[in-house]
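Quick one: the structure is below, and I'll ask about it shortly.
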Amino acid sequence: MMSLLEDQFWFSAALALVIFGAMMTAVAYCIYFERKISAWMQDRKGPNRVGPLGLLQPLADGGKFLLKEDIIPANVDKPLFVLAPAIAFGLGMIGFVVLPWGGRVDVDGDGAVDVIAQVADPGIGLLYLLGIGGLAVYAVVLGGWANNNKYAFFAAMRSTAQMLSYEIPMGLAILVIVLMTGSLRLEAIVLSQLGGGNVWNIVHHPLAFLILLTTLFAETNRTPFDLAEAEQELIGGYHTEYSALKFGLFFLGEYAHMITGSGLIVVMFLGGWHLPWVPGLRPEDVSIGAMVLKMSVLGLKIAAFLFLFMWVRWTLPRFRFDQLMRLSWKGMLPVALALVCYTTWLVYVGRATDIRWTLGGNAVLMAVVLVISGVLGSPITGRQAHMPAVRMFASRPAR
Amino acid sequence: MNEALGYIVLGALLFALGVVGFLSRRNLIVIFLSTEIMFQGVIVNLVALSRLHGNVQGQAFALFLLVIAAVEAGLALGLVVLLFRRKGTLDVERWSSMWG
Amino acid sequence: MIRDEDILNVDEPELTASERLYFPILVGMRTTFRHIFKKKITVQYPEVQRTLRVENYRGVHRLNRDADGRVACVACFMCETACPAHCIHIVAGESPWEDREKYPAQFDIDELRCIYCGMCEEACPVDAIELTPEYDLVGRTREEMIFDKEKLLEVFDRTNGVKPRKNPKITGYVATGRRNGSEPPRPGAATS
Amino acid sequence: MPRESRGGSPCHGAGTDRSADMPKINIDNEAIECRPGVPVLQAALEAGRDVPHYCYHPGLSIVASCRLCLMEMQLPHPKTGEMDWAPKLFPSCQTPVKDGMVVRFDSEKVRENQRECMEYFLLNHPLDCPVCDQAGECHLQDYSFKFGHSESRMVDQKLKNPKKDIGPRTLLYQDRCVMCSRCVRFADEVSGTHELCIVNRGSRAEIDVFPGLPLDNALQGNVVDICPVGSLLDKDFLFKQRVWFLKATESICPGCSTGCAIRVDHHREVVQRLKPRYNPGVNDWWMCDEGRFGFKYVHDPRRIGRPILRRGGEVERPNWDDIPEIVTYRFEQAVERHGVDKVAAVLSPMMACEEAWLLAKFIRSVAAEATLVNGFVPVDGDDQLFPAGCATDEAKFTIRREKCPNRRGVEMIVSALGGNACAFDEFVERAGKGDFAAVWIVGGYPKPWVPKAMEKAVGEFRFSVVQDMFPNALTEVASLVLPTCAWVEREGCFVNHAGRIQPFERAIEPREGAKRDGQYLFDIAGHSGLYTGERVREMMAAEIPAFAEIAEAPAVPVHQH
Amino acid sequence: MNHWPTLVYGLFAMGALGVYCLLPRAERSMRAAGAVLGAAALAGFLVLFARYAVSPQGSGVVFLVSGAIAIAAAVKVITHERPVYSALYFVLVVLAITPLLILQSAEFAAAALVIIYAGAILVTYVFVIMLAQQSGAAHYDRQSREPFIAVLAGFLTTAVVAAGIMELPVPAGGDPTAMGGEGPSNTEVIGRVLMADYSAALEIAGVLLLIAMIGAVVISRKRVPTEDVVESRTPGMIGREVPPY
């Protein structure tokens, strides 16, 4: 068995299976924790009826999704109607393969590195993730269009515009790190952040981190960019007409997307499986134990980000659609572009990894943004139009 | 017989299909899709030939081709939307009004 | 008519630099985070039940009985008229009793459609329909949730101890009676 | 509702033509032009004034007994001869208008009188509005709200009167009565049957019937209509529905060829009652009981609700969408096989003109020489004239013997279209001889109607479409049975015995599965879109100019009741 | 070996016939026959390639499968009656070509193809189709114009080109396998080529994109008459002023 795992192919297959299983469980429990955390933040207890502490709630939820009536409305484009949730779920589930889960591993303990704990390590790892992000748009477009509901179609247009718009600052923010690291390999990006006086990229480029974080919220359709969930004001999103398992697939896809996105941001900015001053997490530690430790660290970091996602969701209200677009095009895009240009220049002068220059540049940019927004006098996302409020009988004497 | 031949034939076939679609379909958008199919054929050929020649010039050209495709898509779709707004149909035969 | 002076212009307040950059988001995040550790106010429903103010809770309807145990309703359709949700359906009939003109041959309330606003209670001239403090209303079918006269009277029997009838003296409008009768029951005392 | 009265006079007596010498009077400082000879009250009502009144009804004699409509009037001062307000009040219902007259209703004196009168009317009233069927259209309610005191000063015990069963269809609640005597006058003057009278005097006065002579005449339902309060109530409508839930639709009674203008009051797609509308020269303010209660068949469960198609021995339920194709195809086939003259369509006098026209046009389009048949006309006894026993020219109301609304209309259409036509009896005779291969027979009568000879003749038809309301010998064998809607479910126009073309509106939806006759005939005739009476009338009027002139009942002054 | 061109041309002809029958037309049976013919031609190609051109193991299988999918999807693009499906089959074409590019060590081009083609260009297509054509297939989608001439033109041109290609000798200049294995990654190499050799072209491409973007905005913008946007009353002039909340 061990010898089989020494081959990268079989190791990858095993790893993929393990992580896929873990993802599925995590996705299910994400829903549980979403409910729990929302309850806690609202001084409630949350699901606690199914199993101890409500821990079997995901099973019950899953059972419900499976057993509910699967309605396919009349006059839908059936093939596409079925295809859309499948795309959403499928794309959510294949993103994790390029994440570096545990560095290099010596499986048989002979001191030589046998395999890397990554399902696949293509030279274009980051582009793979971006490509998946690009394809995820289809789930939205097709889902909204196929169900023959004009509100859902509008929602699909909104969501697509949102996803396409936020892909641009996201790509630029990623580009900043790619320029700095000089590689599209995620493992290389992790390695560049540790040891030898290197620090996590978040210290280098906090602005890029913020931009990537914000765009991830938008890409995964989470609050404050979750217009797809706005039933009351916008009649829901592209999945308005979906029910039962198909809706569940959209739902699971969203959480899988969140997990992959958290993994991406952890790897890009927070050192991946690395924690400073903790032994056994250096790149030189290649034992199986170290791999498990590294995987747990990465998992914990991802979990922390998932918590952040939920925390934000139960704190912030939604952006209005025009505000959301303005934030992307007028707010984040110029900043990200400026960062990219600046980093390019840094690469040119050979100071791309010099923290004084990177962090300093970020600080200066931040100051510039502050000054500009101070001059403009309004938030980037724009303000409400002047809306006269009408109070009836304002001028009449009170009785 | 070289392995690249397969790619070249594939590219040629894609190009042929693109030509057929371009000439025979009446929907403006499908016509543009057909041109994109031709682009695909060309890209396959470029990449295959680039490998055949052992350099990456072909790939670089493929990337330029992508740029052209993006530009074409943007402008063409803009035009299509404009034309559709004007006549309410995507039928090219309804657009042959310049025949004097 | 809304006049110009009735319109108030409310401008958005000027934002500070930190507000423009969305820093107050962090304040909100801190607030929600703190709440995670606060005491929970959840009441575990079937095991623990809250006590209600019986007088003004608006739960399931009931049809009151008069002193003789008959339905107090006179089928005047006032509740049906007042109902904003159109959930009350009455079929009136000639009453089988001497002292009463009209009575509800059928009286259905669609409890699923009802919005529990209490308008019916307000409208009733004989205090025959009232909302009770019963709120745990469940059913497996929609038909089950359409309460007919018997079911509504049952609710009265069940809740009479908890919430007594508001004005048991009113027992309906009397249209028959002997001329110069000795003690005719007084009608609703609305006018006169 | 427009306030001016169009065409005729809502006042009793014949309406005079508008001439130059229209008297001008001054009501409340406002100059009003009015028709000569009408009472001031009528003039005021027509001018839009809300003058309270109970006993005055334009269709009845004037008694001036309720004293509610009293007004102040300027008269020459007996000493000085100057025009001045007379110290006493005058009943405006009994005072005919005179040019230059100056009256007022808005003085404190008049209002005081109205308040006192209202208090008096309500002395013994039981205030049982919640259980009274008149509530919502009760003038006691309206007037006490508008003109009365908010409370009664009476401290004594109210008089209690038992409700009285005065006839098979009517109840009398004496303690709600205001003694306006409209009902008594109606029985005396319009129906001429004199069943009602006032017994006792003063505060004990009561409406009653003579012993052993209940209120039971063919027009008695009108006493419920003219009763301004909830004293006389219709047993048929008793406790059925509150009036504010009812939706009203203007219609024409299909009961006989008089063509009374009526109002269909319906609630949730169920017809609750019929009421007459003012239509001078036709039914004035009245309608007969036969028409009033004759709508019950509308909700008869035995009615045919869906089309039935018989193909060989099989019975199918065709889709409405397929019917135009089926019908056209089968008729064309019949023409091909049996000849153009072997086709006939029987146009029932129960049909609206529009429907008859659509059908006739369709039949003529598939077979140019098709025979159009004036349908079966049900007849019952003789015309009944009211007041009972009067001469024809004195009649205030007539119930006609032809129990169908539209014989004239169908005849007009058949003769206007020309070509082959015949009477119903001739059709039955020829059909028995096998003269017709494909026929379209329209029934739609509320009562069984198929003549024996017709029942025998049905075997001769190769293809027959029967449009009827109830199953009968024809529908049992017809190749295609199409349900007919009752008139309240249709729209169009009827032509009454005198040639008046009167449109009626649709009140309720056809029962589930059925489709409005007009609509499917519209579809079959090859038109697309929604059938409306108006639309087809326009098409008809283009071919038959007579149909360009529509007679609609004039509006009644707002406050007239 | 001598049968090779003949066979290829024969299959070309067969495929052409299949596509001709498959093009939108009223007769369903003809389209079915076209599908059979086309499938047969495709199968023929597969056998031919498996036999002569590529090794049927490893990457050869990927080539055959992906190539077959790409061709079939491309046929669907040009023959499907509903433009939405055309666009979606195009996505399939792109996705099928991607592994082929990766096989040819053009990883970056493959990723760019997915991100730009599938992720951006085709989404726009899908959008425009969905907006312009809400329901079903329009009559002009059910009927093709000049299908015969189109097929003839398309396949003849290709056949001529193919004939030319097959005559060409294998260039001796490069080593096809040189780019595999260790060394600078494909992305790096491309980057160097683009930046060093074609920097001017790259700039021009960038400018082109900018121009196209501006052009597209100008073309498709709805022209709003300016007087409509002028407010009749400035908000500040109405009503009373109150302090901000």
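For this structure, a couple of remarks:
Labels for the chains are A, B, C, D and E, by order of writing; each one numbers its residues from 1.
Simple rule for what comes next: a residue touches a chain if its C-beta (ideal position, glycine included) is under 8 Å from a C-beta of that chain, and two chains touch if they have at least 3 such contacts.
Please read these numbers as outputs of a predicted model, since none were measured by experiment.
The set of chains in contact with chain A as well as chain B comprises E. Leaving out chain E only, the groups of chains that stay linked by touch are A, C, D | B. Closest chain to the protein centre (all Cα atoms averaged), using per-chain Cα means: C.
Sorting all chain pairs by how many C-beta pairs they have in contact places B-E at the top. The distance from the centre of chain B to the centre of chain C, each centre being the mean of the chain's C-alpha atoms, comes to 68 Å.
The centroid of the Cα atoms in chain A and the matching centroid in chain D are 73 Å apart.
The distance from the centre of chain C to the centre of chain E, with each centre set as the mean of the Cα atoms, comes to 65 Å.
The residues of chain A that reach two or more other chains are 386, 388, 394, listed in rising order. The touching residues of chain C, counted against chain D in their complex, run 74-78, 80-81, 92-94, 101-102, 125-126, 172-181, 184, 187-188, 190-192. Put simply, chain C touches chain A in their complex at residues 2-3, 5-12, 14-15, 17, 19-22, 25, 28-29, 31-33, 35-36, 38-42, 44. Within the complex formed with chain E, the chain B residues making contact are 1-10, 12-27, 29-30, 32-34, 36-37, 40, 43-44, 47-48, 50-57, 59-60, 62-64, 66-71, 73-75, 77-82, 84, 89-93.
Residues of chain A touching chain C in their complex: 37, 39-45, 311-312, 314-316, 369-370, 373-374, 377-380, 383-384, 386-395. Chain A contributes residues 77, 80, 122-124, 127-128, 130-131, 133-135, 137-138, 141-142, 145, 153, 157, 160, 164, 167, 184, 386, 388, 394 to its touches with chain E in the complex.
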